[in-house]
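Please see the structure below; I have some questions.
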Amino acid sequence: MAQKKQTYNQAIAEIEEILEKMENEELDVDELSDKVKRVSELVRFCRNKLKNTEEEVEKVLKEMEE
Amino acid sequence: MGQEAITLFQLNQKIKGVLDDAMLHSIWVKAEIGELRVNRTGHCYLDLIEKDETNDQINARSRAMIWAQNYRMLKAYFESTTGQVLGAGLKVLVKVTVQFQEVFGLSLIISDIDPSYTMGDLARKRREVLMRLEEEGVLEMNKELDLPPVIQKIAIVSSPTAAGYGDFINQLDANPYGIKFYHHLFPAVMQGERAEQSIAEAFDSVFEHIGVFDAVVLIRGGGATIDLLCFDSYWVAYHIAQFPLPVLTGIGHERDESVADLVANTSLKTPTAVAAFLIERAGDFLTIIDEKAKIIAEMARDLIQEEKQRTEQIATSYVPGVKLDLQRRTGRLERLIGRLPLSVSRRMGEESNRVMRMKDKIFDTGGQLVKDRKAALLRYQQSLLLLPKHKLSEEKRRIGYLENTSRLNDPDNLLKKGYSLTYLDGNLVKNVSGVKPGDIVNTRFYDGELLGKVEMVKKKNKNQNKK
Amino acid sequence: MAQKKQTYNQAIAEIEEILEKMENEELDVDELSDKVKRVSELVRFCRNKLKNTEEEVEKVLKEMEE
Amino acid sequence: MAQKKQTYNQAIAEIEEILEKMENEELDVDELSDKVKRVSELVRFCRNKLKNTEEEVEKVLKEMEE
Amino acid sequence: MAQKKQTYNQAIAEIEEILEKMENEELDVDELSDKVKRVSELVRFCRNKLKNTEEEVEKVLKEMEE
Amino acid sequence: MAQKKQTYNQAIAEIEEILEKMENEELDVDELSDKVKRVSELVRFCRNKLKNTEEEVEKVLKEMEE
Amino acid sequence: MAQKKQTYNQAIAEIEEILEKMENEELDVDELSDKVKRVSELVRFCRNKLKNTEEEVEKVLKEMEE
């Protein structure tokens, strides 16, 4: 699962790294499914983060209002 | 007391008379607008001031007014030319007529305004601000900050009452991608004299919560009013430039970019544009991620398919390879085997010939040997036939010779030739010295003998006797 | 059978090595049947690996693509 | 009969050596029949080896194709 | 008759020796017929040897072809 | 008659010796006829020897040819 | 008459001795005539010897030729 601190930048960097490896044919069949899983996680992480409300952030913002 | 006094009215009449005499009509005056307000009827009342360049102290002040009818015209002309709201803080070149009224006192009636003076002044001020920021090395600071791919947590510096703000919020919240934006307003006065200070304070407040936000959005809420002076101010620009988060501006200017726009990380024309920018950027990110994931998915599938093909190719290709290898080996072995009978029979044939040759040679050599010996023997035999005959004939010759020699010495032969032998007393007389006359001698001839007496003896010379 | 730790790449590399030897006739007949067995195992291993990888990847991708 | 440890390649090498000697007339008549016998043994050994290998290979290949 | 242990090569060598002596006329007439007899024996021995070898080889070759 | 042990070579040597003496006239008339007899005997001995040898050789060769 | 034991060589030697004496005139007429007679006898002996020898040789050679 996505780490606490993972940012969009890190996620896309990781995805791009995997993509680059694939394009350079540096990716083994052995690694393939792990890497694909990883990409899937990263995509899901980004989507969640983008579309779903993070309660922590909401809370911080609310505290600020007071 | 007791002094003659005139009434205020009289005094003011006098002042009015002096001023009228001074003919202070249609004079172009440079001044700064200290204050400006418009009353219900549309007349505009201003405070014109002049400040000391060095200490900002007010050197001069005068009230002025523009008649409502004139004001509407001048204002539109000025604002459309300069892009600035005619208001406090601006330096203006105005055509005035000095008027003194007994009730209101001194007032300058503005009949015309030259916007180009104000524009020159503003431009100069802006240049000064920019130069100062540059000298301080902060001009590009905010621009150098990386804009995150998704700006989701937004600190908004704006006026809460402004329509622009509300539109901005609505636009963000209703984005078509369903992206959740977090935003918090840091209220600030966006126009007027307090604006500069208020904006700077708002940025300070954002700074206190800097960890929460991705970026600061500076948007101006004012609808038609275009009071942008504060955005050219040094302090606002200074705050923006040095702010550790990227600042996006949507101030809504028509003509030149404000200093705030120039130092901001990203400047857009309107709050709407800023909202659209933020939405598109996040949306793009979502799209990029999806696309990359899709490419990766395709590549992963391709890779698997390729590897499958490769494996299957190996699986099918090495079977014939192995069979071919075995065939090759079998062929090689059979070729080797094929060489065997030929080389054996050749070898055997050679040996057989060799033995045959030896046999023949023995036959020839043995025969020759016997033949040679026979020939030698024949030669010996021939020698034997000749040699004894030769010897015998030689001996015969030799004997003949010896016989002849002997025969030559036979005395009988001498007698036959006429020689004779004389004996005395049986002894052969070889010389006359032993013979004396009277001796009887016997003389022999080949066919008989004579007896006689010696009558005389004659002796010859010795020389003659040698024969 | 394939070892626990064997990777797809190692398997492919081993297959290619054996095939190359075969083509260069560096292989004794004595080794041949063992090597064929070996290749056969490796091919089976690779097929399984690919099949598993494909299933895993497809599962992940389907989840991701939803 | 072929020795336990003899390899196919060794056998082929020995056959070639004998053949070469024969062709170069380095082989005595006295040795000849022994050598021919030897070749015969080696050939039988090689043929068996090839045949067995072929069978084994076929078996493996059949298994693989299932 | 050929001795048990006589080899083809020895026989050939002996023949050649006798031949050489004959050619160099080192051979007495008295020895001649004995030597010729000897050669005759040797030649017969060699021929037999060749014949036997040939038969053996033929047999082996026939076996090999089966 | 030829002695038992006389060899062809000895006979030839004696012939040559006698003939040489004859040629060098070292031979008396008194000895002559004895010597001639001797040579005659020797020649006959040699002839016989040759004839026998020839016959024997012929015989051997004929046997060999068969 | 020739003595039994007299050889041809002795006879020739005697003849030559006599002839030498004759030539050296060591003989008087009386001896001479005796000696001549002796020579005559010796010559006859020699001739006979030669004749006999010749006949014997002829005989031997004839035998040899046969």
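Should a chain be cited, it is by its letter among A, B, C, D, E, F and G, assigned in written order, with residues numbered from 1 in that chain.
Methods note: a residue touches a chain if its C-beta (ideal position, glycine included) is under 8 Å from a C-beta of that chain, and two chains touch if they have at least 3 such contacts.
Quick caveat, the model's predicted, so the values are computed rather than measured.
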Neighbouring chains common to chain C and chain D, by label: B
Same vs different contact residues, chain D with chain E, by half of numbers used: different
Interface ranked first by C-beta contact pairs: A-B
Of all other chains, the one whose Cα centre sits farthest from chain A: G
Distance between chain centroids, defined by C-alpha means - chain E, chain G (Å): 67
Computed distance of Cα centres, chain E from chain C, in Å: 66
Whole-Å gap between the CA centroids of chain E and chain F: 33
Where chain E touches two or more other chains, by residue: 8, 29, 32, 36, 40, 43, 46, 50, 53, 57, 61, 64
Per-residue overlap in chain B, given as positions that touch at least 2 other chains: 293, 297, 300, 304, 307, 315, 322, 326, 329, 337, 340, 344, 348, 351, 359, 362, 366, 370, 373, 381, 384, 388, 392, 395
In contact (per the touch rule at the top): chain pairs: A-B, A-C, B-C, B-D, B-E, B-F, B-G, C-D, D-E, E-F, F-G
List of chain G residues in touch with chain B within their complex: 8, 12, 15-16, 18-19, 22-23, 27-30, 32-33, 35-36, 39-40, 43, 46-47, 50, 53-54, 57, 61, 64-65
Contacting residues of chain G [partner chain F, same complex]: 7-9, 49-50, 53, 56-57, 60-61, 63-64
Chain C partner contacts - residues on chain B that touch it in the complex: 293-294, 297, 300-301, 304, 307-308, 310-311, 314-315, 317-318, 321-322, 325-326, 328-329
Chain B to chain A touching residues, read off their complex: 148-150, 152-153, 177-180, 182, 184, 209, 212, 282, 285-286, 288-290, 292-293, 295-297, 299-300, 303-304, 307
Chain G-touching residues of chain F, taken from the complex the two chains share: 28-30, 32-33, 36-37, 40, 43-44
